[in-house]
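Okay, so subunit A shows up in both of these, paired with subunit B first and subunit C after.
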Partner chain A sequence: MSKARSAPLRAALIHLALIAYTLVALFPVFLTLVNSLKNRNAIFREPMSFPTPSTFSLIGYETVLNQGDFLGYFQNSLIVTVVSIALVLLTGAMAAFALSEYRFRGNTLMGLYLALGIMIPIRLGTVAILQGMVAAGLVNTLTSLILVYTAQGLPLAIFILSEFMRTVSDDLKNAGRIDGLSEYAIFFRLVLPLVRPAMATVAVFTMIPIWNDLWFPLILAPGEATKTVTLGAQMFIGQYVTNWNAVLAALSLAILPVMVLYVIFSRQLIRGITSGAVK
Partner chain B sequence: MSDTEIADIEPVPVKRPTRWHIAVFLAPAFLVYTAVMILPLIETLRLSLFNMIEGRLAFVGFDNFARLFSDPRLSTDFWNALKNNVIFFIIHMLVQNPVGIAIAAMLSVPNLRFAAFYRSAIFVPTLLSFVIVGFIWKLILSPIWGIAPNMMDWVGLKWAFAPWLGKPETALVTVSLISVWQYVGIPMMLIYAALLNIPEEVLEAAECDGITGWSQFWKIKLPLILPSIGIVSVLTFVGNFNAFDLIYTVQGALAGPNGATDILGTLLYRTFFGFQNQMGDRSMGATIAAVMFLIILAGVSLYLFVIQRRMRRYQF
Partner chain C sequence: MGSLQLKSIRKAFGTHEVLKGIDLDVKDGEFVIFVGPSGCGKSTLLRTIAGLEDVTSGSIRIDGQEVASVPPAKRGIAMVFQSYALYPHLTVKDNMGLGLKQAGTEKAEIDARVSKASGMLSLDPYLARRPAELSGGQRQRVAIGRAIVREPKLFLFDEPLSNLDAALRVQTRLEIAGLHRRLKATMIYVTHDQVEAMTLADKIVVLNAGAIEQVGSPMELYNKPANIFVAGFIGSPQMNFMPAEKLGDTSAKTLGIRPEHISLSRDSGDWKGKVIHVEHLGADTIVYLETEATGLLTVRLFGEHAYAPDDVVFAVPDRARLHRFDANDRAIG
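Up next is the complex of A and B:
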């Protein structure tokens, strides 16, 4: 440890800079959450202070829960996200296993083909996707969103999972084969449990863009019955733009689930990024 | 693995039963990916070569592109959106990535206390949806609520406040900076990971040669993390040239004021679906999507075949 690297002054400056940026990052979120719990006057008169007994009010949340069908939106988002992640993980892991385990003609080509989608955004095909969904009668169904998000999540999932599957020991799989396990049993009973940490990483990476997406819900499923939270909040806020209590409460309701998931999964997420899973 | 290897080495190939399980493993992902992603992408590119002539879809070659680039009704919007998109990207490269690298460099200082806390907190905005981010900033910057002018008042800068989102000269920069605020977490994390992967011996050797602190960062660490900076740049490029949600949330589909924040994503949305008195146009929508595809493809190819090849990779 050299002098320069442990100098207390330098450490203090670094802390100062990081604290400053942390405030910049968290302040808007804090402001929204705090003000969503206050009455209208307090929101404008003292936006920076915490709600006190005299300024505390849940009127915004009441408006949101009475006017918009937020529980329904939550349910839609949850169904779309969970089913898409499950499909991405299952089909993605199967494809990754085939690519990393077997040698067959076209293996490299197939790998490259499936990796194209990492760089080329699926949005660019929207015109034809909408056409196809109309033809298949899937417009305004959650199925259409699930299909699109599964396709969107697969490339990165296959890429990350096949990297991890290469590290599973061959001896283990061969021992399974000698014991008479079928290739399917080897995959489901030996390999899948071993790549669970990688699956968690993929799940988190897949989840964030799906939960937050506005484009596809807006285009494929804008109907009241299939709105996701992101689209529901967007439209609700657009309508109630002058009702500050309701807007702040809607924003807080949209923030909370993401924060809860982040607290639960942050370790996986950060480990995934820092272990080089997305390089 | 071993039985296939033996089969590969043997001079006379042994006749093997077709390995159906490979197809079974690949089929679901292949089918969904092909049907929902690749085929629509190809179909969109194909549609960009067709247009409605007398009520029927007819092949028009590159006519749509010619109109997009030079017919004043379309080209004014297109070139405006492209120019704005380039500025949007440049601001990200100049602000988001250097700030991300700086934070990562500070976080990677050995034995820094609370590093995990800072890292998690600074990553929070990246997780939020554009809708949340867009509206929060719209409220903060709103002169009605007065958060921004009041805070500037504390440091004596109240005179400098203006309704930035509402003025054509400042709207694009403001929206870009909101997007930067949201996405700083990504370069921070990737660069942080790269910095952690630099072996201790390299840094110790540098210290033995008297290279410490700032000069150590510039002379030793920065060259070693260049490949990660390359990846961050190409991710930024792809993300920026296909952005839509934030502008739509903050400024609406018209990307106001007066088209000042219009980028290719919002232009595609308006052209394809129509907005207010403008009719939706599938062919022109497909044409704009095709142009976006070509721009992104060009950027990614430039990275893969030129920048990445030239970049030196160090093996430890």
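Up next is the complex of A and C:
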């Protein structure tokens, strides 16, 4: 910002508000991480304090890694998340391209229909989804989760991507047509690289709810071989006894992969969020 | 190498008819320019020739061959766009060669054609760069190069100079004119700038509201406009129009005279008027008069003249250059 436009007081207030928000947002993460490194008594006696030599303990992590197949759970979560994101991005981008590029009867109606999913939570259909999965023999498979998450992510993806695709120059696509590129080549080689920031935005918005979801893994794939991390962590939460060390350790571990994915997407994401605003 | 026949081309978007039956013949090697105000359908017409829009009805023949249902890449055309439309992820060289590569041309042949075109347009130092590293003028030259490399039957230009600044526009205009002389190719060019049209064209097609108003050489349009629309559209500043009745001429409804065909006198003349504004351009002086007989009158004088607002002057039209139009706005005689 230029000097002429920056008022120190206003800047200070803005920063204060942002810092406060950051603290609020990071507090649960901080609490989880710190307490996952303490022994059980310390967690309850002084939940806010850092681990000291006398309270430091890795018992939670040991429990998590020894009990159950946590690496397997991680793998399941990663497979479900990555495959779902890939499917959402691919099919969502294709649908968005069709909606924004071609004039056909019912185009607007189709766009509205596809956007409807943003407003209606997919969980309302849980019973029907479960019946469908049972009928298709997909219960206790990762496929069932991937299918549900892909459906869940598509409406927002199509909505965001079709807006971005409208901004891609028509001349560019037409130049491609004159040069003999097929519609697929125009989509993959000309349009997709130009909407990359939007793709990253969609990827992040799709990824986080999938990774954190407990509902569908619990209902569709509760079997040992298909458990996801969030579901796996539930086994330490009992009706009467909860192994807090293990729960906190499992949650701390669960943050890592999603952080890695976020960092991968985030550089694109910032451009994605701001690019619509200025141009 | 490339001729074009359009027969009763119609194009409608829904119920809105954009092209209302266009007939046009373009001979091999001609430079034809479509001009008209915004929304007159000139770009749509170009895009139907390119195959980027389907025609609602009518026939398009390139070199005698019906192409209305042939995809753009197979029509033997190349197009240069207003926004350059270069592929951002490819180098200049690959941008120019992509069309040939898609058509399965030998690599040696592609290289030869690209280097020939880049030599013509002095793009050699930039072949390895990407479009983002080029200036606007260079980008437009690459876009033109991409068209040349394809060795098309028809070159199509869609307002190629609109995004360039004034100096570059003149320079690129000269380059396009030179290119046309050298390649002897058929070129169709869309613009809303009548200076481009007058300076480049062998034949100008004036379009208005989806129909052709007049087709002719630049000087035909200037000297013998077929109707008021063409008379007003070609020439700058615009032709003056006056109701004939007021000037005592009953054989026509409207009289027209170009600003450069009127002279001014301080002492006597046909139309007495008061100067309301003067524009000194150096080479020309444009004087705006409010006359009793004709209303607002624009006069273009060559050289510098010391008129000032509120001066009383007399306008003297060159009678031989008077244009007369009938009640349907058609030219008489």
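As a convention for this text, the second predicted complex is superposed on the first by the 211 of 279 C-alpha atoms of A that agree within 3 Å, B and C clash if a C-alpha of one lies under 4 Å from a C-alpha of the other, contacts with A are read in each partner's own complex, and residues count from 1 in each chain.
The rule we apply is simple: a contact is a pair of C-beta atoms (placed from the backbone, for glycine too) under 8 Å apart; a residue touches a chain by one contact, two chains touch by 3 or more.
Keep in mind that what you see is a predicted model, and the values were worked out from it rather than measured.
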Answer with first, second, both or neither: which of subunit B and subunit C does A:Leu145 touch in the superposed model?
neither
Applying the document's definition of touch, where does A:Leu190 land relative to subunit B and subunit C: first, second, both, or neither?
second
Of subunit B and subunit C, which one touches more residues of subunit A?
B
Once chain A of both complexes is superposed, is A:Ser169 in touch with subunit B (first), subunit C (second), both, or neither?
second
Applying the touch criterion given at the start, work out whether A:Ile178 contacts subunit B, subunit C, both or neither, answering first, second, both or neither.
second
Tell me the contact category for A:Val64 with respect to subunit B and subunit C: first, second, both or neither.
neither
So in the superposed three-chain picture, is A:Ala42 touching just subunit B, just subunit C, both, or none of them (first/second/both/neither)?
neither
Determine where on subunit A the residues touched by subunit B overlap those touched by subunit C, and list them.
174
For the subunit A and subunit C complex, residues of the former touching the latter:
169, 171-172, 174-181, 189-190, 193-194
In their shared complex, at which residues does subunit B touch subunit A?
1-2, 4-5, 8, 19, 21-22, 24-26, 28-30, 32-33, 35-44, 47, 99, 102-103, 106-107, 109-114, 117-125, 127-133, 135-137, 139-140, 145-147, 150, 181, 184, 189-190, 192-193, 196-197, 207, 212-213, 228, 231, 234, 238, 242, 244-245, 248-249, 265, 268, 272-273, 282, 285-286, 289-290, 292-293, 296-297, 300
For a test of understanding, state which residues of subunit A touch subunit B in their complex under the given definition.
1-2, 4-6, 10-11, 14-15, 17-19, 21-22, 24-26, 28-29, 31-32, 43-44, 47, 87, 90-92, 94-95, 97-99, 101-104, 110, 113-114, 116-117, 119-129, 131-132, 147-148, 150-152, 154-155, 158, 170, 173-174, 182-184, 187, 208, 211-215, 219, 230, 233-234, 237, 244, 247-248, 251, 254-255, 258-259, 262, 266, 270, 273-276, 278-279
Residues of subunit C touching subunit A in their complex?
47, 50-52, 71-74, 77-79, 81-89, 98-99, 102-103, 146, 150, 158
